[in-house]
Amino acid sequence: MNDALRILPEIVLVIAGVVLMLADAMMAKQSSRKPLGWLAVVGALAALAASLWQYELPPGTAYFGVVQTDAFSVFFHVLIACIVLVSLLITIDAVKDSTEGLGELFALMLFGAVGMMFMSGATELLLVFVALEISSISTYIMAGFRRKSAKSPESALKYFLLGSFATAFFLYGIALIFGATGTTRIEAIAAAVGAGNTPALIYVGLAMIIIGLGFKVSAAPFHVWTPDVYEGAPSPVVALMSTGPKAAAFAVLLRIAYGAFPLLHTHWVPALWWLAVLSMTIGNLGALRQRNVKRMLAYSSIAHAGYLLVAFTALSAEGIAAASFYAVSYAAMNVGIFAVISHAGEYDDRLTLIDDYRGLAYRSPLLGGAMAFFLISLIGIPFTGGFFGKFYVFAAALHSGLVWLTIIGLINSGIAAYYYLRVVTAVYSRPAEASPVMAVPRPSMPLLLALFLTAAATLVLGIVPTGVLARARQAAQTYPAFSQTAGTPLSER
Amino acid sequence: MVPTSYYLVLSAILFSIGVAAFLVKRNIITVFMSIELMLNAVNLTFVAFSRQWHQVSGQIFVFFVMVVAAAEAAVGLAIIIAVFRARNTLNVDQIDLMKL
Amino acid sequence: MLNDSILTWITFMPAAGAVVVALLPRKGRVIQWFSLLVTLVTFVLSLHLPAHFDYAQHGFQFEENHPWISSPAIHYHLGIDGLSLWLVLLTTFLAPIGVLVSWRAIKARTKEFYFLFLLQQTAMIGVFVSLDLFLYYGFWELSLVPMAVLIAMFGRNRGPQAALKFFLYTFLPSALFLVAIIWLYAKTGTFDFVELQSRLAGGGFAPEALAWVSLAFLVAFAVKVPVFPLHGWLADAIQEAPTAMAMVIAGKLGLYSILRFNLGLFPVQARAIAPLMIVVAVVGLLYGALVALAQSDMRRLIAYSILSHLSFCTLGIFCFALAGLNGAVYQTINEGLTGGALLVLVSLIYERYDTCDMSMFGGLAGKLPMLATLYVITSLALVGLPLFNGFVGEFLVLSGGFPVHPGWVAAATVGVILSASYMLWMVQRIFYGRQSSLVVHRPALDLNAREHIMLWPMAVLMLAMGVLSPYWIKGIETGVGGLANAPAATARATFDAAHHGQPARTEAVSMEKQ
Amino acid sequence: MHLALFIIFGVFCVAGALNLLLQRHPINSALSLIVVMSSLAVLYLLLGAEFLAAAQVIVYSGAIMVLFTFVIMLLNAGKEERTHGSRLAYIAGFPGAAALLGILTFVFLSRGGDFGQARLGEYIVTTSDLSRVLFRDLLLPFEVTSVLILIAILGAVALARKEH
Amino acid sequence: METGLLAFLLINLAKVIVVVVIMLMAVAYTVLLERKLVGRIQNRWGPSRVGPFGLLQPLVDGAKLFLKEDLMPAAVERPLYILAPIIALSCALISIAVVPFGADIRWKGVDLFQISDINIGLLIILGVTSIGVYGIALSGWSSNNKYSLLGSLRASAQVISYELALGLSLIGVVMRAGSLRLRDIVGVQATHGLLSWNFFGGFQFVAFFIYLMAAYAETNRAPFDLPEAESELTAGYHTEYSSMKFAMFFMAEYANMITVGCVATLLFFGGPTSPFGHLFDHVLTGTAAQAVLPIFWFVLKVFFFLFLYIWVRGTLPRFRYDQLMGFGWKFLVPVAIANIVVTGLWMGLRLPVQ
């Protein structure tokens, strides 16, 4: 029973998903599926409550050491539950009563969250793999859900093919590490590596794992799928998949890198350093020349993955805490902005070019204001979560002596300001006479709720981040090798 | 008696061929099949290492890979069918509504 | 009691007002009246500061210091000294005028306008009062956003482009500025200004690193001032921005920050780079004046004149003489006041004639005598006519700088002459001579009550600052005194302080007696 | 005997894989892949993984690849066209794959001694051995897999359904 | 050592040949049996002219098929077209290799009544059966004929769908035996004869019926013979086949029937064991009797299943395609899962507490 408590949020989500599917099957064919969305929201809320409750549990493992509940995993559980909750609200707002397969869509979101949560808690690579696949496959499917557009299946296809390709690499990496150490448990691997057993096999395996996860977090140069997928997938889904699976994949990367291979940091840190630099630079430069808001945000998400990787490279407890915190703040603002885009585009993404957003603030002050606010947070203007996250990440990096990485990163964030601001100014400039009239539908209750939640979160993270920070720092304590000597980077010891 | 490394090299060859096929082939279905080939190559590695360490978990990994591959196949082929319905082509280069 | 929280009240009163504005209905002039009320209340509250300021005391007053985030150790630390005292006052003083000048000019989207306007107020006041680097950086960056959005939203023709330009110019260096702040934190473990000051004075830091850090600070501030080669955004922004924003866009934030941080935290490095800055200032002074001469658009002319006058302030700062520093701060206030008044006047002309092109005007004085009168007064104040505030500032800067860098200061005087010529030429072209067809055919009324209400206080203040300068100077001096006499980095600086610090002060006082 | 079987089926594998790469008709590629998979099943038997060998045949050859051929037939996929993208792919693909192969082969062969030898029948994993680990130590991943399958079913249904 | 290996190979080869010949003969006579029985069901005689009671009919049929012209339609995909029937027939024949059709009697260390005794025998049968789909699928596709293609699409969809139910239905049996080895599975049914058969004593009758229905679908036999529904698709996937190639498909179908019968016998009806258990062991003690009697029982049981096959074909009408799929997925699979659960519970309750 105690074991089951350690996976309580996941269980709750599975139950909610199954109930939802049953309810879907029992409902009349023509009736509106939106109530199912609210059912899913209730499920997500319950999962959130369960996740928060897990803070009460003493840290420990369950099911023969396959899954672990500690401050780190619970932190991500809470984050993922929140992301799913808000994404569900956005979806309820965006879809019409006639949209097909809604029941499935809601169920997939819940089930996908199960995978993401397991990813953050797994200590056995097998479970990591299965959970990764759950989250990936559900997102592949959701990407293809906008069936009326030819772009949506196309984006699902690209996501699917490249994602599976990456999975194969990830898996090969696991196989090689299994070959080198004879185990797939994270602590056991660490112990085997600690015993001085580091054949070349481990390096190759680790490289492949990084490649595989690099794809999942869309770090350059493994980012090619991101823009197409974001452009084609339905916006509410993008809100989820640009944050949830990414956060989970980062959690996995953290756990593997810091949990299994802390002793090999001299090898993986340079790799992550380059990934971070490439992601930030390619992401920002790529975003500069986009005309489509969703593609632009896709490139921006690549850049943000880069910022997150900077925190990894810091190799300190502060770095872990910063990465965790950044994941939260990125989730808040990115989900928020996709809420706006999804509503303005009415699920079908009628208008996604930046020019289409000209004068949004005139047509709907609320949406325009919200969009500008989230963009400002993405730029990293103070008193928003985006700023504090970035600040914290770079503070951690600089603390570990990564001066150049910090400079590159902050210059990048300066470049990024340009393309975000282009949208802000578009939103606030008078619409051209000839521009297509963008009749923005009145925001519905779920959307208002979603906007409120994300905006409040962004603001709170920027002004009083103390609570989340404390949790993030607590999460970082999970990796004792790095937290005991918080501050002094491993490389200097 | 065969050195385990032979099996490993064989799996590496298969994996590399899979990678090459993934990049070179133009038909979506074949591209997908090359992913399956890669997964199979990984499976061979797992089995070989499982024998070397006398660890059953390696084989169980393979078992899971199979399940996952089956799930992926179901979803992937459904996606391929959806794409084909929308675009009436299976050529990777013609699936280009969105510019990379 | 009030002393313990007055700065918070002043800083966040506009922000609270902004929140209320967001909730007010878009009906009638409710929002305008409310904003006016908020800005007036803020101004009245800010009058508390000079009234209770201890002019004898160096260091910070009205301090508030509460821990905000434990790790990284960020404090909510506010406080003002003589340097920031009048700048806060200036900001709160200009705010109601900003509301009034926008009264008619902003017709649509008033809610957005006043929301952002009030937010901008908070950000600016916050910059002047925060003593924690993190908090400071927060307000500093925050001040960009409402400004940029307002320019984009209410810009005349190319608003979005101007906003983008403005934002990027100021934001990009801020990124490096942030690196520098974080670096300082990583090395010292504090963001607190006072603590940092003592730590940095204590030494033990790599000189090259400090040089880079101070440079990052300086560049970020210099762009905001703007200092000569970094001024690319200025003309466009002033031309496009709504008047209320154009009034506050340049000058005081950057100059204050240079004084506070570059001189306060990195005196050695600031002195090292001073020669370069002086050259840049003089070049900017002359360049601005010359380009202003060639402008046909009133706003652009004013923009370049602002560049020219602000370079004067930079010059004053980097001479490191007390009189020069006093003058620089004084001139900064003048610039805010006089430049602002001029922009208001231009906007009134624009409201009446829908153009700022000087070639369209002529003989306006006959038609709008009151406006012409105020325009002339303001112009004279700007060119530095004795009795007006501009004179005091310019004189202080020149007298403070001359002993140190006679050649460059002499060159700067040329700028003063040029400034007089383009200003007066502008007045002549617009108000005198034959009435142009536009002026003849377009009916226009002279100033109305609202316009009188907003212009006369400014005019009176110009005069008051011209004749009663010691009242202001005594405050400023407590703030900048430490900067000029800062621990000598070079024999040269010591020499300057010893020989010119005291005389400069007497000079200044004696000058007022004239 | 072991070596002979290994060589025979190893060659089958590689030949099948190469055939997959070279054939231009998807159905031929699919059949070559079936050959690879079935040969792999034999190799699993050689390595003592009986259950996996059977599962390989049932799941891969018998289910997954049937699905593939089914879809190929359903969509009536024709011969592959050589299009503009493929040249770039050739330039990037083959060297990349070759480099990967080179690295891996080097690692495997240079440390070949560490891995020991595989003898026929020396280490046979029975189904009950497998299940003992699967249903105890790895029970949770096994259970979680059901979610995966549920998702796959949901997704396949949702995606392949005809638009009304 | 060398001679031992050689002898081993020779004996095994001999076993294989004998089994294949018997199998093919059985196939031929199953065809005859079917024609006769269906004839009787339809109130006619069936073949009766060639030989006594038409007993030589299969030989004649075979000769006819051999002698016919082997047509090769122009538009077919040649290699696959040829490969398809080979796959079909070989898969049908391979599965018999793991079937123990007699008692476990060894001579020179070789199991006489089973070609190969593998730990995972049951899985091998399932695996080989699943490969058999390719025969059908490829034949339809390579024929380049829409009826063929439709037939093969139907067939493959049907086969993969029902394979699931089929596999699930066997799990209960496997759980009872705790092994996938067919001899072990038979072994647990040997003790009390009829009473310990899985069908009766093991309470696996639900599983048996699921298996039976799924197996009928797997072999594309009535009432699940949609892939070759002559009224809709001429002859389905083998429309374009003639002569020997057609014969191979034909033989594959009947071989599969026999395999199904064998598996049903082994898994649910005690295989080659006597229905009376060891009751009469003391009566017939000779080695020959002990060797032959199990075979007798086995053949008898298999014959019963063949009879059932034909009986069903003669009696039941064909399903509609959607009914077929619905039946498989919505009825058989859930019931099979329920069966597993119930069996598990039952076994769990009976398990001694440790």
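Letters A, B, C, D and E mark the chains as written, and numbering starts fresh at 1 in each.
What we mean here is this: a contact is a pair of C-beta atoms (placed from the backbone, for glycine too) under 8 Å apart; a residue touches a chain by one contact, two chains touch by 3 or more.
Remember, it's a predicted structure, so these values are computed and weren't measured experimentally.
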> Common contacts of chain C and chain D?
Replying inline: A
> Going only between touching chains, how few steps reach chain E from chain B?
Replying inline: 2
> For the chain pairs A-B and A-D, which is connected through the larger number of C-beta pairs in contact?
Replying inline: A-B
> Per-chain C-alpha centres versus the global one: which chain is nearest?
Replying inline: A
>> If I average the CA coordinates per chain, which chain comes out farthest from chain D?
In response: C
>> Farthest chain from chain A, going by the mean of C-alpha atoms per chain?
In response: E
> Per the centroid of Cα atoms for each chain, what is the distance between chain B and chain C, given in Å?
Replying inline: 65
> Taking each chain's centre as the mean of its CA atoms, how far is chain A from chain B in angstrom?
Replying inline: 26
> Which whole number of Å gives the spacing of the CA centres of chain A and chain C?
Replying inline: 43
>> Using mean CA coordinates as chain centres, what's the gap between chain B and chain D in Å?
In response: 6
> What parts of chain C, by residue number, touch at least two of the other chains?
Replying inline: none
> Where does chain B touch two or more other chains at once, residue-wise?
Replying inline: 8, 15, 18, 22, 32, 48-49, 52, 57, 60, 64, 68, 71-72, 75, 79-80, 82
> What parts of chain E, by residue number, touch at least two of the other chains?
Replying inline: none
> Which of the chains are touching one another, listed as pairs?
Replying inline: A-B, A-C, A-D, B-D, D-E
>> If we count contacts the way the header does, which residues on chain E are in touch with chain D in the complex?
In response: 77, 80, 118-120, 123-124, 126-131, 133-134, 137-138, 140-141, 149, 152-153, 156-157, 159-160, 163, 167, 178-180
>> Could you list, by residue number, the parts of chain A that touch chain B in their complex?
In response: 126, 129-130, 133, 137, 140-141, 144, 147, 150-151, 153-158, 160-161, 164-165, 167-168, 171-172, 174-176, 178-179, 182-184, 224, 227-228, 231-232, 295
> Within the complex, which stretch of chain D touches chain A?
Replying inline: 103-104, 107, 110-111, 114-115, 136-141, 144-145, 147-148, 150-152, 154-155, 157-159, 161, 163-164
> In their shared complex, at which residues does chain A touch chain D?
Replying inline: 7, 14, 17, 21, 62-67, 100-101, 104-105, 107-108, 111-112, 114-115, 118, 124, 126-127, 130-131, 133-134, 137-138, 140-141, 144-145, 147-148, 153, 156, 179, 199-201, 204
> Which part of chain A faces chain C closely enough to touch in the complex?
Replying inline: 361-362, 365, 369, 372, 376, 379, 381-383, 387, 391-392, 394-395, 398-399, 403, 406-407, 410-411, 413-415, 417-418, 421-422, 424-426, 428-430, 465-466, 469, 473
